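Down below is the structure, laid out as structure tokens.
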Amino acid sequence: MYLALLMLLPFIGALVTSIAGRAHRNILTGIASTPAVAGLVLLAMLAPAVLAGEVAQFRAAWVPALGLDLSLRVDALAWLFAALILGIGLLIVIYSRFYLPAEEAIGRFLALLLLFQGAMLGIALSGNVLLLLIFWELTSLSSFLLIGFRNDKPEGRQGARMALAVTGGGGLALIAGLLLLGRIAGSFELADILASGDTIRASALYPAALVLILIGCFTKSAQFPFHFWLPHAMAAPTPVSAYLHSATMVKAGVFLLARFWPVLAGTELWFYLVSTTGLVTMVLGAAIALFRHDLKAILAYSTVSHLGLLTMLFGFGTPAAAMVGVFHLLNHALFKAALFMNAGIVDHEAGTRDIRLLGGLAGLMPVTATLGIVAAASMAGLPPLGGFLSKEMMLEETAHVVWAGQHWLVPLLVVIGAALSVAYSLRYIFHLYLGQRRPSYPASPHDPSFGLWAPSALLVVLTVLVGLFPQALTTDLVAPAAAAATGGTAPVFKPALWHGPTPALGMSIVAVAIGTVMLWRHGLLQRGWDTIRLPDAKRLFEAGVAWLVGLAHMVTTTIHNGSLQRQLGLLFIVAIGLGAAGVWTGGYAPGTRATIPAPPVAIIAWLLLLAAAGAVVKGQRQRFLTLIYISVIGLIVSLAFIYLSAPDLALTQISVEIVTILLLLLALNLLPKKPERVSSDGRRLRDGLIGLAGGTATGLAAWAVMTRAPNNPISAYHWANSYAHGGGTNVVNVTLVDFRAFDTFGEITVLGIAALTIFALLQPATRGVSGQRLREWIADLPRSPERHPMMFAVAARLLLPLATMIGLYIFLRGHNMPGGGFIAGLVVSIAMLMQYMASGFEWADQRRRIDEHLLIGLGVIIAALTGLGSLFFGAPLFTSSFGYFSLPLIGSFELATAMMFDVGVAMTVIGAVMLALAELSNVALRAEKDDGGADEGPMDIDPAKLRQAQA
Amino acid sequence: MMDALIAAPLLLPAFAGTASLLFWLRYRWIGAIISIASMMGLIALAIVLMAQAASGGAIAYALGDWPAPFGIVLVLDRLSALMLLLTALLGFAVAVHAALTGLDRKGWHFHPLLQFQLLGINGAFLTGDLFNLFVFFEVLLIASYGLMLHGQGAQRLSAGIQYVIVNLLGSTLFLIALGLLYGVTGTLNMADMAVRAGALPEGDQGLLRAGGLLLAVVFALKAALLPLHLWLPRTYAATAPAVATLFAIMTKVGAYAIIRTMPLIFGDAAGTFLLPSALGTMLLGFFGLLAARGLADMAAFGLIGSTATLLTAIALFDGHAMAAALYYLPHTTLTAALLFLTVDLIIRWRGVEGGAIVPTPHYKGQGWLGFQFLAAAVALVGLPPLSGFVGKLLILQAAIPSAYMVAIWAFVLGTSLLGLIGLARAGSTLFWKEDANPAIAADRPAPRALEALPAAFLLILLAALTAGAGPATAYMEATSAQVFDATGYVRSVLGPEQGGAGR
Amino acid sequence: MRRLFPHPGLTLLLVVMWMLVLNELSVGGFLLGLFFGTLVPLFTAPFWPERPPVRYGWPLIAYGLLVIGDIIVANFQVARLILFCRNRDLRSCWLSIPLDLQSAEAFTVLAGTISLTPGTVSADISTDGRHLLVHALDTSDPEAEVARIKARYERRLMEIFR
Amino acid sequence: MAAILDFVIAFLIVLGGAFALIGSWGLARLPALMSRLHGPTKATTLGVGGCLIASMLYFPSHGMSWSAHELLITLFLFITAPISANMIAKACIHGRHVYGDAVAKYEVPLPRPPHPDAEWATFGSTEAAKPE
Amino acid sequence: MIDVALTIALTCIALAVVLNLYRLLRGPTAPDRILALDTMVINAIALIILFGIREGTTVYFEAALLLAMVGFVGTVAYAKFLLRGDIVE
Amino acid sequence: MSIEFLVASAIGVLTMAGIYLCLRGRTFPVVLGLVMLSYAINLFLFAIGRLIVNRPPLYEKDLVEYTDPLPQALVLTAIVISFGMTALAVVLALRNFLETGTDQVDGILEADPPRPDPKARS
């Protein structure tokens, strides 16, 4: 339970801090310090057991399906790392309180810092590697936000993005690696994984897992060639640099190397990959650090170098080296955090971090100088400081390493690295604090307030103490941690200032000597260095990202070019291809059903249809004529339905077709009538071929189905029950309003929505750009001045009631004979439309009695209520009932609830059709405004009225 | 009576839609209230139904009292209950958002269309009949056309016409597929079709498979799979972002239909085509996200990529992969929705530069939006702590036994990196970089914190999905098992005597 | 009564029509037809605001029979022209017929009659509402043709529409 | 009796078919649109009329229920055919007026309306008829 | 006898429709084509009636009735389009 | 020639014409293509019920040979839906033309989303 609390503390702190965001900075600092203080207390409570080799554990189930549990596990290694995180974290919080200017949003800053602290702690404490991954990625994320905290500068933003891309990307590799690792081990619990080292190393997946995990570790720990992000992350406020980019986050990669050392280390692959990377990074980082001028850059590259050193140590694969690694990890955290804080103070007080503008500060800010000099000396590995100890031990380890058969290679490179390290450390001391005082500095440097230097002072004191009393201070800590890291096989840990004249001592002396010389001739070397044009990794990275974005943009715009025809073409091709593939791979046998010989009339109708279809295609730019040809096709299709026993279909087809044509005519009025040709011959050929393929496929599919015997279709049931249980002899209608009434309900809903959408589309058409276009619209056809011919208007008066009667008749007979609500609704609509055509929209619309919206709404509701009604009789929804009644005079008749449903259908249809056409007419009317006045009468020339007027 | 509750998710929006339509001229706020209330009702219903579904096998409800293969049945199982809940949650967020931001007053009939859209979607999730599925596809499509065009403008209209026509052709294909399937099997009921498909003679198998593949094409079109995804970016980028929020569920309707029909009736033949296509789509989606110069574009491509991730898992047609996919499904839906809502608020609140990814002067509410954007980005890329991480881990794990494991891992992780880079670039430009150049208009409506409520709601849902990943994955495992238990489905629909399901 | 039956003739026509489509003679059918025949004109009445002064009776019936007879004859005449008359022998011409009819309904009936009967099609009316433009397929004497139409049809229609 | 009735029916059927054919032949053959209009409007109408009457006689005479729909269809055609012809004629003279198109050698020029202020409705509105 | 008559009549109508098609495709003006379509619809009505007689059923006559009504509306609409552009104004 | 052949080939030709028209670059032919395709599909759906002459789906006792009524019901639903959809597409085409002044749909012609200066990003 303590573990869970420990784990939660920083997150709770982050939450509270962000809620209290605007409180006084002292209060905020207090809040933000609490988790670390409390956490350290908890750690202290755990210390006796853990450092004695026990493992504290906490486990709660989270996602068992994934193998992801809330599992925490503290051994000595984790304890050490956690203590580092919390301890330095506490100091950083205090430092931040004094470092950040008053106007900064310190609440947000501290909250982010605590979030990071929690994530970091999570890495240390996770007992489940998937959980570890979560915290791992969280550190990348919170580091991104912390680096970008100074987001007003482009460097801050770029640095943040780069850090996120590299570490986040590495995290993705780590995900893959750890998943593989868990897969091999059969569990994602750290304990289980640590226990199955042999299985893992023997697995065929081991190389892949190793490489992936290493990518994760190397990116995080800024190993070559992923090192470039770290210096740019220094755009962050100095407390962040100190905390994330020296003491903790960058160590996460190394920590992970240590964590998985027992299961991954010990192979050739491990040795060459890890130690070589570390070695190269160490030397390269140190070299670059020597020639930087920004204090933080120097420290950053130094960090890179030291991380390389650590990596190399773990790479050697020997327990002793690993132990040295753990020791140096601690030491480095102490002096590097102190140095960052120190550099921050200089920046704060002197107003610049450029080492070339500084120098001789020792006299001006003695306390700062003292702290800086001691810490830098530790970094240089000078006795009697902590850095010296671990460096000696490191040199000792490297002295015996054989790399690809070469005994001298690693020692030589390590000495060079060490020399460079001495050089830049001394440069920090001499070029910053010692030497000549400048006549002026960007600001007037003086020692800062106690709060700002105290945290670093504590660390400096610690590094001194480690150096002086190594055994007393570290044995109980480092040895168990190393034991934990190496799986309980750590050698005796004997840090001491004096080991006698060992090879390491010699190497160390050489390194110091060379380093001193380097600093002495620094000006010369610098000029030499400046002439070398090293590839700038940051620029390469930026160029890489820019290339990627460019590629993405090119691919995206090329593919998504906005052509509708490309989309349709692809759809057709895919459909044809897959359909054909289905038949091809599935197996096909031709059908055996007898065919019906075609009479001559049918063949002629067929020819007509082909001719009309050809005419539509050939004359498609003569838009008006194509509509006439389409009417012919509609006519033939209707005749086919009649001939082939589908009277309902014929009725529907006939009435739907005319409404469609009217719609198209209404739209065509305002559209171009004979547009120019846009497509090339090649394209028309291509489209023709796609069409041919599609047509052939569809035709063959139809043929294949028609010529095989039906497979006992369910409609036999419909036929048998239509009259007996559906109360109607028109099986199609009974199917529509009863067996499959729910389909019909959906269908009228579609129609209603279509009308509503048309309404919504056309309502604003008379305003804005569209309205302007309408007002400026000039009829592109010469128009007769007569709007409403007399004969037609008179005929419409008679035809409207006649057609309405027919509509009623068709409606009533629908259940038993061809007909029904939909057709009836269309017939009535067509009759109304005829009236509109004859006497004009405005005149007719004034006489219209029902609102179309209401019709649609009521229609849908009536249909739904009819379906719902059956519930009250204890029957399922949409259950219909019917009965035969008999009244005197009238005789026997049938009443069915399905008819009520059909009423809803008819109402929706009328409402929808009328609404759509009314809106279209309304729009067209806007284009007519200039063309004479609106006329009042139902016909233009009414002889009776004219005679009256003349009389 | 209790059984009839299955149909309630259809009847409620139907009535609410028509009711809010009746207030179309005046008192439109009543329509909004009806709509929001209906959404709340739907959430409650979905929870009840989910509990019902989780307590046993699939439940069939025969409409019109006609026995199963002959009439239309509604089938409630874990999968459909899950989809219902997700839809209702999303619908609620969108309805509230539209009411708060005044989107529903920028054109006609927003709330009725929204309700009908939910009717269509819910219908598609509940029906056990293939033709009825077509009908509800049409309902949801036509309502989506209306919603997509809501507010109009040149860009929306020209994108809309593409959206409409592409989907009309999709419907045409659907009908061809239906025709083939009825012609060969003689039935429309999915369970019955599963039984009959298994018993078809060798010579009919080709037509059956052709029908199945055509269906898959239709569903892939809806799910925006390469090369049929071209309609999505323009559509979603051109419509009102709040509408796109709702549309986040639309691609999932395609995914749902694939999950529902393929294992039951056609086996996993479609997977051969789906998997490479899903992988390609994923890459293109995240490429598009990286290349996007507009917020809505970015969100739309993000949606494509993340839906493709989902479909990758589905295309494996394997129990664990399906469970992973099912967990990822609500995640990706909510994430895309959150992203679109965030885009909407950014456009509203910053008041300059519209939807372009460019720096603007600091504005009120920027901090919160930055947080919202960060959350959406984290979820989309699949970073912890949000559910995307769990989802992606599940998918990666489930892919291990697959022959395509390396490809799947490479694509899933690689596209995550692309997304990470793209979203970091966009986010830092939008929230860190400042540009005083385009001065904020003085008459800009002051951002109201209230408008962020729906987004916060989605965020809470995402958090809940993460925190409750354990129970959620358990539910999905069981759902996946149910999806592949064709026999169980057939027995539930056709009755216990129907033992041998086809596949 | 006027409000219930805005067009009594129409109601009658509708009831007859209803009985025709029902294909059976039953009281129930008749009552339903009467019901619809009353209801539908009520619904459509706004679109037919005037009530043309029609006299129902023998002249109307006689006119109908006359027209049917003429139609049959006309068809044979036109058939002969189509089948046996060479194009260059066709004496097509336009007729402009001055009319004395008063109402639009009467005008329309006359124009319809002309269209249905021998070799003539009504094409247009003049803007002063006093002339009908008719196309004749084959006429030797246009003047006589005009006179024939006026005497044969218009005169009778003047009696019916008053 | 039945044989006579059958003969009448057969005659009407053949007559109907023949007239339909003649009407369409006229449509195809006649030289100008206004002339072509005569064929279909008259001959075809009677052609259908013949078939309809034949059908009306046929069903009761062959033991099937009597159908009056044919009468209704006839009524409809008789009401609509002149209007269709009228509208097509208007479109025709309008087309000739504005495009001058298809003035075949058999087309006759339109006469002016006798009244000086009037115009044929297709070319002039009521406003044009009124004195300025 | 009636069968023979039906065969003759059906042949006539079929030929008539072919002639209509000729006019439809040939034009030359748009009203010509409208007229051709109108005639075709009327011929189709005759066809339906004859088919009904031959098959001894009146079930399809509503279709003929509807065709008569719809054919008229179509013809008028096409003509009105040529005259005015806007068919409902 | 059999009726089946006529119907199948008609379906094929209508589909071909519909596809070809849909691939034209302007809205109006695309809508015409949709109309053609819906004819084709209606015929197709109808045909899968197998063809039979003069056996309309009107129930009579003891009638054994009848047309399959179910596809007809499906076609009816499909006709209605495609009618609504076509109407919407027509109106949308018109509305789009009025708003943009062009009826071309063959690529992004104008009104691209705003393309800011790429240099403006960092």
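Chains: A, B, C, D, E and F, in written order; residue numbering restarts at 1 for each.
Please note the rule applied: a residue touches a chain if its C-beta (ideal position, glycine included) is under 8 Å from a C-beta of that chain, and two chains touch if they have at least 3 such contacts.
Because the structure is a prediction, the values reported are computed rather than measured.
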Chains contacting each of subunit A and subunit E, listed by label: D, F
Per Cα centroids, the chain farthest from subunit B: C
Remotest chain, subunit A as reference, centres from CA atoms: C
Separation of subunit E from subunit F, taking each centre as the mean of its C-alpha atoms, in whole Å: 24
Cα-centroid distance, subunit B relative to subunit E, in whole angstrom: 49
Separation of mean Cα positions, subunit D and subunit A [Å, integer]: 68
Distance from the mean Cα position of subunit F to that of subunit D, given in whole angstrom: 34
Set of subunit B residues in contact with two or more other chains: 131, 135, 138, 142, 145, 149, 152, 154, 161-162, 165, 169, 176, 179-180, 182-183, 188, 425, 428, 433
Set of subunit C residues in contact with two or more other chains: 17, 21, 23, 111-112, 122, 125, 127-128, 130
Residue numbers of subunit F (touch at least two other chains): 22, 27, 30, 44, 47-48, 53-54, 56, 58, 70-71, 77, 81, 84-86, 88, 92-93, 95, 99, 105, 122
All chain pairs that touch each other: A-B, A-C, A-D, A-E, A-F, B-F, C-D, D-E, E-F
Subunit E residues within the subunit A interface of the complex: 10-11, 13-14, 17-18, 21, 24-25, 30, 33-34, 37, 40-41, 44, 47-48, 51, 59-60, 62-63, 65-67, 69-70, 72-74, 76-78, 80-89
Complex contacts: residues of subunit F adjacent to subunit E: 53-54, 56, 58
Of subunit A, residues touching subunit B in the complex: 61-68, 130, 133-135, 137-138, 140-141, 144-145, 148, 151-152, 154, 156-157, 160-161, 164-165, 168-169, 172-173, 175-176, 179, 183, 545, 548-549, 551-553, 555-557, 559-560, 562, 564, 566-568, 570-572, 574-575, 578-590, 698, 701, 704-706, 708, 710-714, 717-718, 721, 738-743, 746-747, 749-750, 753-754, 756-757, 759-761, 763-764, 769, 853-854, 856-857, 860-861, 864, 867-868, 870-871, 874-880
Subunit F contact footprint on subunit A (complex, rising order): 154, 157-158, 561-565, 568-569, 572, 593, 595-598, 602-603, 606, 609-610, 613-614, 616-617, 620-621, 623, 626, 630, 633-634, 637, 640-641, 643-649, 652-653, 656, 659-660, 663-664, 667-668, 670-672, 675, 678-679, 687-688, 690-692, 694-696, 698-703, 705-707, 710, 713-715, 718-719, 722-723, 728-732, 735-736, 739-740, 743-744, 747-748, 750-751, 753-755, 757-758, 761-762, 765, 768-770, 773-774, 816-818, 822, 912, 916, 919-920, 923
Of all residues in subunit B, those that touch subunit F in their complex: 131, 135, 138, 142, 145, 149, 152-155, 157-158, 160-162, 164-165, 168-169, 171-172, 175-176, 178-180, 182-183, 188, 237, 293-294, 296-297, 353-359, 425, 428-429, 433, 435
